[in-house]
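These notes open a run of structures that come right after.
In what follows, chain A forms one complex with chain B and a second complex with chain C.
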Partner chain A sequence: MSVVNVIKLHKIMGDELAKVESYLDQFLHFEHQEIAEGALHTLHAGGKRLRPAVVIMTASFYNNADKVVPLAAAMELIHMASLIHDDIIDRSPTRRGLPTLNVTMGPAKALHTGDYVLTKALEDVYNLPRGKEIVKILGNLSMEMCYGEVEQINSMYDVKQTIEDYYYRINRKTALLIAVCCQVGALASNASPQEVQKFYDIGYNIGMAYQIKDDILDMEMSEKDLGKPAGSDLAHGIMTLPTILTLQKDFAEKEHLLDLIKSRFPKGQEQVQEALELIKKHHGIKEANQYCRRYIEQSKRLIDELPENKGKLVFKLGAEYVISRGY
Partner chain B sequence: MTNNEQAQRAYLKENYLEIFKLKNNDFFGLLAIDFYLKEFLFFPRLMNLLASRNNLNDSKARNLGIVSTLVYLSAKIHYSVKDNKKTTFAADMQFPILLGDLLYGKVIEVLLSGENSDCLNDYLHYLQELNAAVVDHLNGEVNEEVLAELRYVKLALLSADLLGVKDEEELEWVKNSAKAFAAGLKKENISSALEQLKADGDFAFLANDLKITSLEDLERSI
Partner chain C sequence: MSVVNVIKLHKIMGDELAKVESYLDQFLHFEHQEIAEGALHTLHAGGKRLRPAVVIMTASFYNNADKVVPLAAAMELIHMASLIHDDIIDRSPTRRGLPTLNVTMGPAKALHTGDYVLTKALEDVYNLPRGKEIVKILGNLSMEMCYGEVEQINSMYDVKQTIEDYYYRINRKTALLIAVCCQVGALASNASPQEVQKFYDIGYNIGMAYQIKDDILDMEMSEKDLGKPAGSDLAHGIMTLPTILTLQKDFAEKEHLLDLIKSRFPKGQEQVQEALELIKKHHGIKEANQYCRRYIEQSKRLIDELPENKGKLVFKLGAEYVISRGY
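Up next, the complex of A and B:
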């Protein structure tokens, strides 16, 4: 199902996404050779290109998809810059099977490469129609993303976290960026303020669902599919929704689960696996899937409120893809 | 206190210290690095003085003073991240990266909410040049002096230019102020640097701010 949806989605937007890819490739050929090589290395590692797809999906609604290619590309670049920094912060040796810039350039140079890419992307957006308005939104987004990251670091292995704490983090980690992709796609297409807000809300709900699903997949998928051991969030002390929901319950092995987390899994993956089994046994994953589904349903309700347009189908397929996708 | 000074004070409080507050604490407590508190006021003072000396727009100068400081601090905080400095990973690496990123966002917010929104590209170009130079410096291709020139003199001249200062002598004064500021920061014996600055009436405005060592000092100085 998910594969079919993705194909359908990309068939509708295929031309524009290919244009984004080619725009990105050209854009990153900076004068500074080492920075250009680093940025291109990150680009060619691949990625789902979800953010540009969302910008284009929104603009398609106004028959404006071909005009937002530079904006869609810039949203991917901003995401890319944040990934470069995330890889340093998380000490990630690989991303999508390739060494990160953190490894190939070292953290210091990787950090400044990320900064360089970000400023180039912002400059590009600023020079677009309504660029000033959009850059202001992006500035605010970037600040909120930082606040979210700080909370994630500060709350590691904190077993007292609530669902609200989790929402605070994933909103800033993922949902806001997707919401903003919808918002700027609508703004750049001269949508009315009400429609811009509606698209923002749709993006927010899809983004929340997307991150919840990502967190579920981190527990559900095999190491082979993930490219990293299952439960790596938990192993690093990041409390995601399945864990939080499980810890809200009373059950015989609860103290043991708490001990495993608080002691930071001293025996490694074997204990992480044990914790995952307990979370599955007490329906943490199943219930998290229901939360995910609620966000998707809410996004579909909002999509239904949009004026009749073939783009509605694309959005619904996109929303459905979030919940049915693999990693 | 003159009206202009009062306005400057209110603007600095509103736009500075709020940035560093987090959900449950603030950034100051999370960083292992020296937080450069004494560097917070150079650009605002410089811009304010330039506006007075040249009869230029005060509120534009206030906004540019903050923006230039945020640009300066974000770049310098990111520069503090080194490949081999890992006393505490969170404090030496994670939080400085995030604070630098946060300040980039704040640059945009402050710049685009003021009357200098058409200056964004100038600051972005400056940051591109600086980041490229840092990469070259890390490769051993650019020396510390060139980097310091970019970090202090070029940014001060850019800020003055954006404010509308065109007079050659005045720009020379800006350049020398930035050099005096950089030299003051570098001096191991801060008191002798301060005496020297005080003795030189032209740069006396730098002296008190270089004594700031705590958040309380900073709040008082604002």
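Up next, the complex of A and C:
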């Protein structure tokens, strides 16, 4: 995305996102100091605030952005809770370069802080227009996210998984959450059922692209940018699109690549790096980028079908950002 | 409680509790088979179904028991989710004599199954009379339960804690959940605000008594009855009322008891047993039973203040059961 476009997007979205940020900062000052500090630590560790941005973008379409700040915040909190729980399971020492709650509080308190944040997320949502409907959607979302996490565990180091298996997982891990951000942003703006569905579909496509891109960046970026070694998904047995696409091909070193994965990289990062080189050499990343691009193009086609509105440009800029971004 | 009273209670409550059981059994057949099996495993491991019973008892007061079955089930699921998460943190190999999900699925999937059950619990509640209000109460309850769990961790092996510290924890661990069972059972039966508050207070007193009794039984019962060695709370550094009361006294072996706890029982169960003997000898259990009895008496006084209704007898039988029960 050009610098001009980034500036445009920031200008359009900046005010509302700043409101979300200050809302979250206030909202996370709970009565229980230790849990509050844990939640604030996670919040202040950063993040792209993609999910609030999507809610705000959708509501902007209906000149309703300032009304959905609590909803935008809730979506970030649901995401935050899932990260806190993921870090416990993965025993991750750091996230975004800072120690995880798993390290600072220990897994037990981190687990309860995650539970707390997840429940707290819903607190202000009830009072929104169509709040009851939205809370129900968010409950269902959380359940589907659990399915996705369990399948991610089940599919670790499984070299036979298909693109469909991958799609099942990333839909539940990411796309559904972003689809729901659009859906509830539209619902809380009293959009028509047809428009709500359209926004949902746009969010789904953006979300799929976003996760594919995330998985590509995990392989492409340096340890300095990522705050963790490149290829950490693969190192942990999580097979993402570039790997799956590469393993569908025939090539001389294929057995070696399979062996590296199936043996779980006994020599560590050096072998992960070797696997990454093979995936790059056989165009796994390049092709995954094409899949990502296709989802973004589809999201733009759907955006075009929306009624004329200046919000369409904002949405297209947002969609384009997903694919052009660094980590 | 006399055999006659147990039979009476079962006769009054039996039908409705059977409905809750069959509702739960149906409700936990989720789409995702592994998570469903995990949840059903936990359900079928048993439990006293105290929480559903309290909801049903309250609603019976308004001839509304058959309408609150989904709510009674939800309260059991919130409890179940917290047990699943507790077992991960405590690394418990068994609960009620069966392997925990932490063992059968591993901690990662168990964590997500707990998250799932917690969210699923709310699914049918929205549709009840005053569903929105009830869901909000349940969200707040879950958050307070997290506070309690974190404080339980913070207070481990802390020999300086007071009865108030203990009350803070067991309120959030147990009493609040049972108070809320009463509260929502009354709300969903369209009770007056005064009656809702009265039921809440009754539940609170029953819940405090219930947890004190649970903590006493952990010291009194045999390994065969408990499915775990006697004194397992103490062995894990969880200081319950008999211990706290004993440590407030002066006696010859006090320093030795303090040393055993502070050194975390380096010789294992033999030393836990030694500590239990000291607590019994200095009337820690006997006095804790008196505290428990006081809560039950208070709950009965509050029950007496309710309008005349045949449900009052049921409630008193229920309250009496809490203190007379085995494990």
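Keep this in mind: the second predicted complex is superposed on the first by the 321 of 327 C-alpha atoms of A that agree within 3 Å, B and C clash if a C-alpha of one lies under 4 Å from a C-alpha of the other, contacts with A are read in each partner's own complex, and residues count from 1 in each chain.
Going forward, a residue touches a chain if its C-beta (ideal position, glycine included) is under 8 Å from a C-beta of that chain, and two chains touch if they have at least 3 such contacts.
Bear in mind that the values here come from a model prediction, so they are computed numbers and not experimental data.
Per the definitions stated earlier, placing chain B and chain C onto a shared chain A by superposition produces a clash between them.
Using the contact criterion defined above for the overlaid structures, shared-chain residue A:301 touches neither chain B nor chain C, since it reaches no partner.
Of the two partner chains, neither chain B nor chain C is touched by A:48.
Of the two partner chains placed by the overlay, neither chain B nor chain C lies in contact with A:29. Of the two partner chains placed by superposition, A:286 touches none, neither chain B nor chain C. In the superposition on chain A, contact is made by A:118 with both chain B and chain C. Within the superposed three-chain model, A:168 lies in touch with chain B and out of touch with chain C [touch as defined at top]. Of the two partner chains, chain B and chain C are each touched by A:136. Contacts of A:267 after superposition: neither chain B nor chain C is touched. Across the two superposed structures, the residue set of chain A contacted by chain B and also by chain C is 32, 34-35, 85, 88-89, 106-109, 111-113, 115-116, 118-120, 122-123, 126, 132, 135-136, 139-140, 142-143, 146-147, 149-150, 153-154. On chain B, the positions that touch chain A within their shared complex are 22-25, 27, 30, 78, 81-83, 89-90, 93-95, 97-102, 104-109, 112-113, 117, 120-121, 124-125, 127-128, 131-132, 134-135, 138-139. Contacts from chain C toward chain A in the complex involve residues 30-32, 34-35, 85, 88-89, 106-109, 111-113, 115-116, 118-120, 122-123, 126, 131-132, 135-136, 139-140, 142-143, 146-147, 149-150, 153-154. Across the interface of their complex, chain B is touched by residues 32, 34-35, 82, 85, 88-89, 91, 106-109, 111-113, 115-116, 118-120, 122-123, 126-127, 132, 135-136, 138-143, 145-147, 149-151, 153-154, 168 of chain A.
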